[in-house]
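As written, the chain order gives the labels A, B, C and D, with residue 1 at the start of each chain.
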């Protein structure tokens, strides 16, 4: 199978290269960048010297479609919405990592992303690719919209509870924390090492564009669920997301039953590791891997359930899940090329 | 004024030395340690070479009381409960940083701290020293119990809302994050650099001993308030606490009114900085200082109020607030010796 | 091929598991620990949950030899010297990561390691496994002594210059910097996050046990080379070593010729990446990988050559090179199971 | 005394504000910025909210000279060279932190800084302000050129050896490591947290502009000293510089005598702490303070002397030394306003 990566110089693109160069069923056919055409990827990412000698090419949908079976668009939001229709039109399948095709409601997209919404016809065909909870058969899908990093962690943590209607629909609070690579490759004053090191920041308070994405999926699972409170923090680490989720239980539940529920829900999901009761995951325990680790607690004093979930934002939160979705699209075992262990310590 | 520091080799003790060596009205009379008697403090803390040539002495309450006007007990919990009665007995005033004299309910103390509760008679005389909300006149107090680091940040953030009964008493969720110095000077596998670096951990889930301390103070302010949900995370930074607080508003309130409330509440409090609306504090912005910065948000979609508060856990969360309390006890301006700016970046 | 790992709970052991679980030609037969027998490896390393369900076994050389083709001893120095002879005796091949079999001079070993030297007969059979510069045919070797992390970086940087006698033998200064995982898994006050974070330390000044190892190899290459000055620093990062090497050139050399020399020397070495002239590697560019990146500079003002080399101390500096040596021992391509890219960022 | 700070929004300027707001003899008269005129300093640096309510003003030398006794120019190199002559012309005294007035050789300046050299007449009047080694009486000086951060650490470490001609003049190697604040406030890809965290970089190899500054001062002390080898590394920490210095001793010297020499040389220097023999400073031990800590080692095997010196690059390496120089200019005790302890941990 041949894959092209558009937006290869962002962190999502670089991570796709790292994963796909080891994937037994895929060849990276070409790398594309709108700005660095002609230079080598190893010039942008010296860690790839000797790993990939490829050059960056311009973005020519027709040519890409001719040579590749699949395109990963790891472009910024607002760019994919322009590019993806051309790829679809040329008949090549697409996995989009940008966020442009996640919200079905174009008004919501324009409100939260502050950008022009994508073409509705293309949007309608997009399958939301939270792999563990894919309802659709994606073996024929033209376009998979890869979930956001935060929604991946939050939704895997919430799914069993919401699907079994075990929580008060108005009670969901998601306190999310991310490593700084989540802010992308572009250097800004917010991500300047001298100011981000030894520091903890809260950002985009009540304005994060992943909020409606989480709400849309939850409402699909339980239409009673409306708005959630979702907050996002920048932690002085490179990779990793932790979501600490607080919900009111509709009725008391023993911790053992909570664990049963999650163990049952995820028993066939290699990449979701429900941790031993009484233990909690740290982000480093999934570093560099496609795992999502989940733990649970029940607060008898307040009848609240707490869910803690962690992922590597660039793997399960981006490139890894994209490859997992690719495996599903092409009827491979979902673990193919993804079963590497976390890098620890 | 002469002060003795008992437990000088812990981080709280070392921070007291840093602050008091610049305090214009205080002389450090003596430093005490149960284990390192006879060695110089600069042997334990080389950063103090040239700053303090003092040696560590054994803990002799009678002798300390004879020479000092005030004792800071920066000892571990379970140790202060043994030591403080002796100091009180000798007639020397005490500010205790350990936590042993914060909970009035000795059963709760024994449950959450898993240690023997202190003497009830001494406990009754202890004044809880959240300086900005001190009800009592402490100019005659024998014993001030210095608040915990997390409660300081959380309670300053919650006080105006709770005192004005603006929130649903059962809705309080406090998601707290701390730098690793909060875990103390003792090296453990949890705080090993190789595993804590580039990592984010949740710990003591539903078991943190600061939970009943927060609840006790909130119930004093509004007896309707019962249990809160309080969680604690270790962030890969040395200093700093952020509490992100979520509460359900009893009725809609405009952000402007929220800010008015907080600005009014803290208008005479030099160390509480209510930040400009729309801006949020990061922990580094109070690094090394006694400030507590607070910001607010109102989520119209869920009718939740969010409060974000940050402190330096070793200053406003420990040694700085202890000195602030000392200033109050001895009728000095509370800023004396504490008005140094944060160290940034 | 079946491998046993002795000392599986140290960082070297954990990294061997990470690498070998993806190696196409090897099965991990058993894991061994002197202290945690009976517990699961995932209890010590939760990142391995779902990756390895193996339990730790006691260290029984006879049984291990019966079941495994190869033993990795990732035990502390002073422990391997006791264990390895038993494995050799039982006829199982060994790759030792401990350092015990690196110094041929047992007196030097006892001086620098402050431990009892290993059995001389076993020591004589040990092959020093700096893979790129292996002189011996190791396909029949019983025991490979895996190089130290610092010597690996320093020797790869110095080899072309020393072998071609291009430098003043008495002029070698190696300023080395390591991430904190190099200090091992045991938590100590030196590696306490609160004190190591945002800090840079120099340690074991003129006393590091890797000094005689470097000197022994250099003297093998050029007997004129005697003592070197070697210093070691702890950098607030988890993984990575950089050695900055300063030597006096015996005669002027153009940068282009310097690069030619290194490119020629390493043209067949996949894992040594001589970087483009004018660019210099950072440690993160080899993070998690088996690469050693090298750059050069010539200071015309002082006639000094500078060499900068970086490795991941746990991979090329330990487990990765051990697997590379294993591949050589068993006549596999040296890249087998090791060609994964660095994790960046 | 009234001071103006020009370039108040850089890290050097912000650190001057932190120090001067606590200085008992100085009032900050005005803050100046070329780009943010009219905004509050606390908008650029929220940590200063409540500490300074000052607004940034444009740079009007005549007006500044009218109102201030002293101007600190914490402007970038190439900017000070333009501004300082105007201040001198208006008769106000200046301490320049930029580097523009450090090199007496204007050709060298243009080569290493790649900028137009300053006016020679002004340059001639500039006094190089390495405070501990000031030869000149500066009580009448119009212009003090504050040393670079690296030169401060390196020269304090080398001075006793060079002045006593104890080393081979051609043998000096200075391996320097800095925290990232040394790269300034501007965010760049080099200092992006996601790439600088958990990373170690070498930069400006053989091209750092502090090289000729070090050489100029050393040659003043011993004309036999010519070029030195000086390398610079970026360490993932915010503040701190360590220089590890290697020199060949002209004759053997006992460690005790080495320490005697340094203790004698610095006996009257409060801010230079010669550490106990056998102990070595870490950068955090001077964090936030004006100290320079120095340790020594003698390598009998190679007859090399090693000197390790650490400073906080923004304090002793910039703003702190500037205030120390100000104290000297205005005949105050050099410790005035600078005796605060390091912030540790």
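Following the convention adopted for this analysis, a residue touches a chain if its C-beta (ideal position, glycine included) is under 8 Å from a C-beta of that chain, and two chains touch if they have at least 3 such contacts.
Values in this document were obtained by computation on a predicted structure and should not be read as measured data.
Engineer: Of the chain pairs A-B and A-D, which one is connected by the greater count of C-beta contacts?
Structural biologist: Result: the pair with more contacts is A-B.
Engineer: From the centre of chain A, which chain's CA centre is farthest?
Structural biologist: D
Engineer: So what's the Cα centroid distance for chain A and chain C, whole Å?
Structural biologist: The computed centroid separation for chain A versus chain C comes out at 36 Å.
Engineer: If you average the CA atoms of chain A and of chain B, how many Å lie between those two points?
Structural biologist: The separation of the two C-alpha centroids amounts to 38 Å.
Engineer: Quick check: how many Å separate the C-alpha centres of chain A and chain D?
Structural biologist: Using C-alpha averages as centres, the distance is 46 Å.
Engineer: Multi-chain contacts in chain D: which residues touch at least two other chains?
Structural biologist: If we look for residues of chain D contacting two or more partner chains, we find 11, 179, 181, 194, 197-198, 236-239, 284, 287, 344-345.
Engineer: So in the complex, which bits of chain C are touching chain D?
Structural biologist: The touching residues are 170, 173, 175, 177, 179, 194-195, 197-203, 205-206, 226-229, 231, 233, 235-240, 242, 244, 246, 280, 282-284, 287, 295, 297, 299, 301-302, 304, 306, 308, 310, 344-345.
Engineer: List the residues on chain A that touch chain D in their complex, please.
Structural biologist: 11, 179-181, 183, 185, 187-189, 191-194, 196-198, 236-238
Engineer: What residues on chain A touch chain C, complex-wise?
Structural biologist: 11, 14, 17-18, 21-22, 45-51, 181, 197-198, 238-239, 270, 273, 275-276, 279, 281, 284-289, 291, 293, 339-345
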